[in-house]
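Every chain is named by a letter (A, B, C and D) in the order it is written, and numbering of its residues begins at 1.
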Amino acid sequence: MSEKVGVYICHCGSNIAGVVDVEDVAKFAGEQIENVAVSRDYKFMCSSLGQELIEEDIRKEGLTRVVVAACSPHLHEKTFRRACANAGLNPYLCHMTSIREQVSWVIEDKAVATEKAKAMVAAAVKRVELHEELEPSEVPVNPNTLVVGGGITGIQAAIELADAGYPVYLVEREPSIGGHMAQFDKTFPTLDCAACILTPKMSDVGSHPNIHLLSYSEVEDISGYVGNFHVRIRKKARYVDEEACTGCGICIEKCPKKVVDDVFEAGMGYRKSIYRPFPQAVPNWPVIDTESCTYFERGKCKACEIFCPTEAIDFEQQDSYIDIDVGNVILATGYDLFDARKVPQYGYGRLANVFTSLEFERMCNASGPTEGKIVLRDGITEPKSVAIIHCVGSRDENHNPYCSSICCMSALKFGHLVMEKTDAEVTSFYIDVRTSQKGYEEFYNRLLEEGMHFVRGKAAEITDAARQPGEEGKLIVQAEDTLLGKQRRVPVDMVILMSALEPKADAKDVGLQFGISCSMEGWFTERHPKLDPVATMTDGIFVAGVAQGPKDIPASVAQGAAAAARVQGMITAGTVEIEPIVATIHEEICSGCKICNNLCPFNAIEFLEDKEVSYVNAALCKGCGTCVAACPAQAISGAHFNNDQIFAEIGGILYDAIGGNGAKAPAKSKEPAPA
Amino acid sequence: MSAAKKGKLANYWAASCGGCEIAVLGINEKILDVAEAFDIVLWPVAVDAKVHSIEKMADKSIDLCLFNGAIRTSEQEYMARLLRRKSKVMVAFGSCAHEGCIPALANVSNREEIFQTAYHDTPSTDNPNGVRPQTETEVEEGKLYLPLFYDTVKTLDQTVEVDYYLPGCPPEPERIWDAIVAILEGKLPAPGSVIGATTTVCDDCPRTREEKKIKEFKRTWEIIPDPDICLLEQGLVCCGIATRAGCGALCPTVGSPCIGCYGPNEGVEDFGARMMTALASVIDSDDPEEIERIIQEGIPDPIGTFYRFSLAASQLRRKTLEGLDPSGASA
Amino acid sequence: MRYGYYPGCSLSGLARPYDMSTKAIAEPLGIQLEEVEDWNCCGATEYFAVNKMAAYALVGRNLANAAQQKSFTDLVAPCSACYVNLRKTDHNMGKYPKLAQKVNKALEAGDLSYDPGTLQVRHLIDIIVNDIGYDAIREKVKEPLKGLRIAPYYGCLIVRPELGEPLDDPEYPMSLDLLMEALGAQVVDFPLKAHCCGGHMTQISSDTAYELIRRLLHNAAEYDADAIVTLCPICQLNLDAYQSNINRHFGTDFKIPILFFTQMIGLALGMPPKSLGIGKEFVSAAAMLRKIGTEPELEAAPTGKKQDDKSLPMPGKREG
Amino acid sequence: MVDERFEPKIVAFLCNWCSYRAADLAGTARIKYEPNVRMIRVMCSGRVDPTFVLKAFALGADGVMIAGCHPGECHYLEQNYKAMRRFNMLKHTLKAMGVEEGRIRLQWASAAEGVQLASAINEMVDQVRELGPLNWAQNWHEDGEVEAAIQRIEEEHAEVMEVPA
């Protein structure tokens, strides 16, 4: 049975009609392409009148297929599909071809443009004839949500959802939630105390009836699809019985072993082998670090166990696993700080008084290793001069090309804190000072007034090799002052390196685990950079905070809330439609060779051991078609992009190619048998 | 099997090794059943029948023609047309008729090169006068003719309309018998189809298969394969993944990778493309240089590897014709 | 391991000790050096600035000669300037076929030609630390340089990144540091390790050169270095021969011997100083030698923290 | 005809997420580029089956471009790597078939790279124009003597049959 195809050529005002002879194209389609029943051109196909034209033809002329030659399908495919559906035609029997973006806007010669438009219409007609009716499937959405990462972003997302009445599982790798923000002293530009605004939220999380907090835990495995994920979480052994522990802290006091705390104190302070990262930790049960614990090293000590009033210490504790079902996932896994040792000319790790920004945050923090005193590495001497180096590992072709976004403001904050707490002079070495948010530029002006010095130039070197009088015993920052056009050597007592924010070391693995992609650097990729910033290409997986790209606290909080809002929308809707553009394995053709099984990054292809064939789980399939193209037996077909459709499109697009073609070779009759 | 009225059967042998002609005898004593059901009007290897007797027959008077061999000369094309005209059912029998097979590997060359090699360059050739076959030769008695030798080997269906295909080099006796029974009982699939399975050799292969990752392609002489594991997983280019089942996985079962004689699976338009895409997909590297190295070192002869049996039936059919003006202006 | 050996003019002149010590340590380290036959000047730093084409051809002749010998694929140059020029010529001939053509055209006159990439041009330090390796050297040490405070000095040439992969970090190289540690010496932080030695500025603008040399000596003295160890004849010459000039010029009193790293290896392997050319230097290394001979007590490295020590922990150094 | 510039026909397979959007962007930005490339949208460069390319050549294309997201930026995580592997394999085979390397190109273009896509197209069109028409079907076109040769066989046989048995 031949199809009745309707072809509609849009003028798009003069956008298309100004270059393409639309009437000629419509005439060509109507007269020269087989099975075209109606062929029209119209001023604006996307207008309601244009849509009605299609609807009327479907009803009156009995069209079975529709081709719209207009703008890009990314703009109006939905519009015309809806028009078809309104007239009772399955929306997938409509096809758009982009004669504006690919023809009229990029070609100047009218005749050439018209020719190309004809070929594209021919291809569209050939293709649409082979389209199949498709129906999206609907699946229910589990109201539980998994939030990965207990920094400020994850906390915000979890609280938003929990307050709305939905259960949340918050998974945090470290023993306490709080993330980087918990390490900070003040926040810019308002200079609020970070702890004062964070800890109430943390205890909220700890006590919220809808939040199931899984600290010191990691996601081991995730399977399923939007609305229906199954997650296995590994709760690492704390060696402390959470039920029994009251959080009194006697064990920490009595523990005889002290080690450098590389995580929370950024290597600036010490902790015990049994510890909680900081006094306000949530949850406040301590953790035993088996790598340094004397008992785990030598088999004796047990001081903590001896002194624990509730017998909560359990040296035999093992990792445990928790299986949960959730409908959506929010990834708020945060960032790592760039290792400043990779810029050896700045001397970090070699020159004692070169600090990283995070070290300095800890130093400023009243509960930090120096109780908030700004001192040199000797722990006593107050610096008389401090240099702040911007863009360490950011905006640097050798390391990370991007701007870390928060460092300028942090540097200003540091400048303020140094001047507030000491009499030191502060000099900032910057490339550009970027203060683009509300109240930020004002803060910059404030620091200028407070007397912070600014040298526009990337520091070339930080050295203790004195050259001139006055440099002995100092750290000398050498930089070209690009405003003066002069080399400068600025001797200081202390240097703070504004290290770049980098994706978590395991970001790409996490991305792969959750089936979402990363940018080249390793930041999670959002569905659309402007219009869909927290969703990802994988339905049901959302990203928020710095894991998606460098950003400050207000932006992270906003993203956390935005992700939560998106999830709430999903939960409220109750069900979710799944695109029918998926792959299908025909089991009568499949011989189970297992070529395809490893190709799907979404794990949609299963091997059915009983039938010895592979099977595509349509709910997991994203429709990329890689397996379709890979199957050696051609046992896989891809809906809406099947071989016959694409072959037809190739044939159509080359309708005017010289030299004939294979299909027309003499007596070739290898067409597939009619069913 | 009832044979109220005896049918007529023709077998013919065009560009092929002759194995297909013999393969019919592989059905053993069942050949007697065939003889009971059919009058054999043509079978070059077994019956002394003449072409002119076929020419004299009425059109469509042969019930079944099993045509083996590809088409590479005008004489073969003449016979294909003749038998098509005389037969009710035309079966492309065996790989050569089906998709060109080994004879079609000549499509990497052309007439000129082949003649040069066959009549001049081979060490055993003694041809002091440089004689070459001519399509026309004047002798005293008049003109003598030889068939025209083509540049490009064709499949049967690129020459005449074909009703059914029986793949294999040669087709296995069981499959031949199945097809004959189907024809006799009138239980034929839709015209144009391949009579056979719709799965691939892997379906019959006893080896265990896992998900595939290939770091290196190996030649058969490089390893002694493990007897139980998929040959492809061991790096051997086994075409079983893309080859239609029907042989019973004879080669891989005994440790020799499938070379693809049963042709592509149902609906496939290009056998080589299926092999290329499947193999490339499971190369275990994301580094362009390493990928290039794996391919260059592992697949030194892509046409011979991917199109050993199907070059004539492939999308491109042949290697580019050297010496031919690519603009086609000379044509 | 067999290597081609291109000594260059320095090693047969002012830097004789470098040549002597290189040859002396070659055998115990299992290095066979085959001198390039009929080698000529490498063009040093000036010729490339004067006449590029001729300079390339000049170096090309050395490469062609070396390649003809065929008994080695790696060509070793102990002098940093030679190393850079040989490497640059090989590299650029490969990168710019037209240059290769011109060089080979010039070489035709001597019936020579060179196919870029035939030889791998390497610095001696590269061979020692990468082919032999720190561990192998550590095992061979008979007389560890215990107690010696060494300032490792690389100079500007060998770390230049423009010739493909640099052999060490251009900003803060570490190979010589680690080598000296392997010999048992105490390496002092020497932040100026890759700074300029003044090069041929001593001839052109002595004030400039003196200041550059002074910085290096001053920095090494600040760290109480017993010696500066170098791997470049020009660096050695400037710091050694001009040290008295510096003292006169600035009123300072530096007495820091400047030695080649090969000499230090030789000492650690237990060879007599004289066989390594020690004694030929302007600033005597006698005090330094005495220090290893008498084995003075080691300064206790600061370990553990005092009870009232408020100092903050140091971050670890970068590995490798 | 002789002086007329050869206008090659190039079929491009563009992935939905990056390269097709790059083409959209080139349009929105009104970047003019060679009209010779005709585009077919697929969801991912990983969908491009070598058969598509072979078929395009067989049906008269002079060149084929496959465009996808940059490695590491695939919207389907890593499927463009599979496209890359297949491309290399296909290129290897096409070379053996005698199809010039310049007739097939794998182009990475992010959704923001309209300019890059347009210039890649221009570059490829120039290159293919230089190579001239491919006209692949011409390769299996026998040189016109076929019918005459068959005719001769028929005549010969007819003569033989006239001889009484």
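In the analysis below, contacts are C-beta pairs under 8 Å (C-beta built on N, C-alpha and C of every residue); 3 or more make two chains touch, one makes a residue touch a chain.
Predicted, not measured: the structure shown is a model, and the values here were computed from it.
Undergrad: Using each chain's Cα centroid, which is most distant from the centroid of chain D?
TA: The most distant chain relative to chain D turns out to be C.
Undergrad: Using CA atom means as chain centres, which chain is nearest the centre of all the protein shown?
TA: So the chain sitting closest to the middle is A.
Undergrad: Please tell me whether A-C or B-D has the greater number of C-beta pairs in contact.
TA: Between A-C and B-D, the larger count of C-beta pairs in contact belongs to B-D.
Undergrad: Once you find the CA centre of chain A and the CA centre of chain C, what distance in Å lies between them?
TA: Centre-to-centre distance between chain A and chain C: 48 Å.
Undergrad: Find the geometric centre of each of chain B and chain D from their Cα atoms only, then give the gap between the two centres in Å, rounded to an integer.
TA: That pair's centroid distance is 27 Å.
Undergrad: So what's the Cα centroid distance for chain C and chain D, whole Å?
TA: About 57 Å separates the centre of chain C from that of chain D.
Undergrad: Which whole number of Å gives the spacing of the CA centres of chain A and chain B?
TA: Whole-Å distance between the two chain centres: 53.
Undergrad: Give the residues of chain B that touch two or more other chains, as numbers and ranges in rising order.
TA: Within chain B, residues 269, 274, 277, 281, 315, 317, 328 contact more than one other chain.
Undergrad: Enumerate the residues of chain A that touch no fewer than two other chains.
TA: In chain A, the residues touching two or more other chains are 599, 626, 629-630, 643, 647, 659, 662, 665.
Undergrad: Chain touch graph shape: choose line, ring, star, complete or other and state it.
TA: Graph shape, chains as nodes and touching pairs as edges: none of the named types, so other.
Undergrad: Each pair of chains that touch: what are they?
TA: Every pair of chains in contact is listed here: A-B, A-C, A-D, B-D.
Undergrad: Once bound in the complex, which stretches of chain D touch chain A?
TA: The touching residues are 9, 11, 17, 20-21, 23-24, 26-28, 30-33, 35, 38-44, 46-52, 55-56, 58-61, 70, 72-79, 82-83, 86, 118, 133, 135-138, 140.
Undergrad: Okay, in this complex, where on chain D does chain B touch?
TA: Listed in rising order, the residues of chain D that touch chain B are 49-51, 54-55, 57-58, 71, 78, 81-82, 84-86, 88-90, 92-93, 96-99, 132-136, 138-146, 149-150, 152-154, 156-157, 160-161.
Undergrad: So in the complex, the part of chain B that touches chain D is made up of which residues?
TA: Against chain D, the touching part of chain B is residues 51-52, 55-56, 74-75, 77-78, 81, 108, 135, 145, 147-148, 150-152, 154, 269-270, 272-274, 276-277, 279-281, 283, 285-286, 288, 291-292, 295-296, 299, 301-303, 306, 314-322, 324, 326-328, 331.
Undergrad: Can you list the residues on chain C that touch chain A in the complex?
TA: 169, 171-172, 189, 191-192, 215, 218-219, 222, 309-318
Undergrad: Please output the residues of chain A touching chain C within their complex, sorted ascending.
TA: Those in contact with chain C are residues 260, 267-270, 341-345, 347-350, 352, 356, 359, 363, 369-370, 375, 377-380, 463-467.
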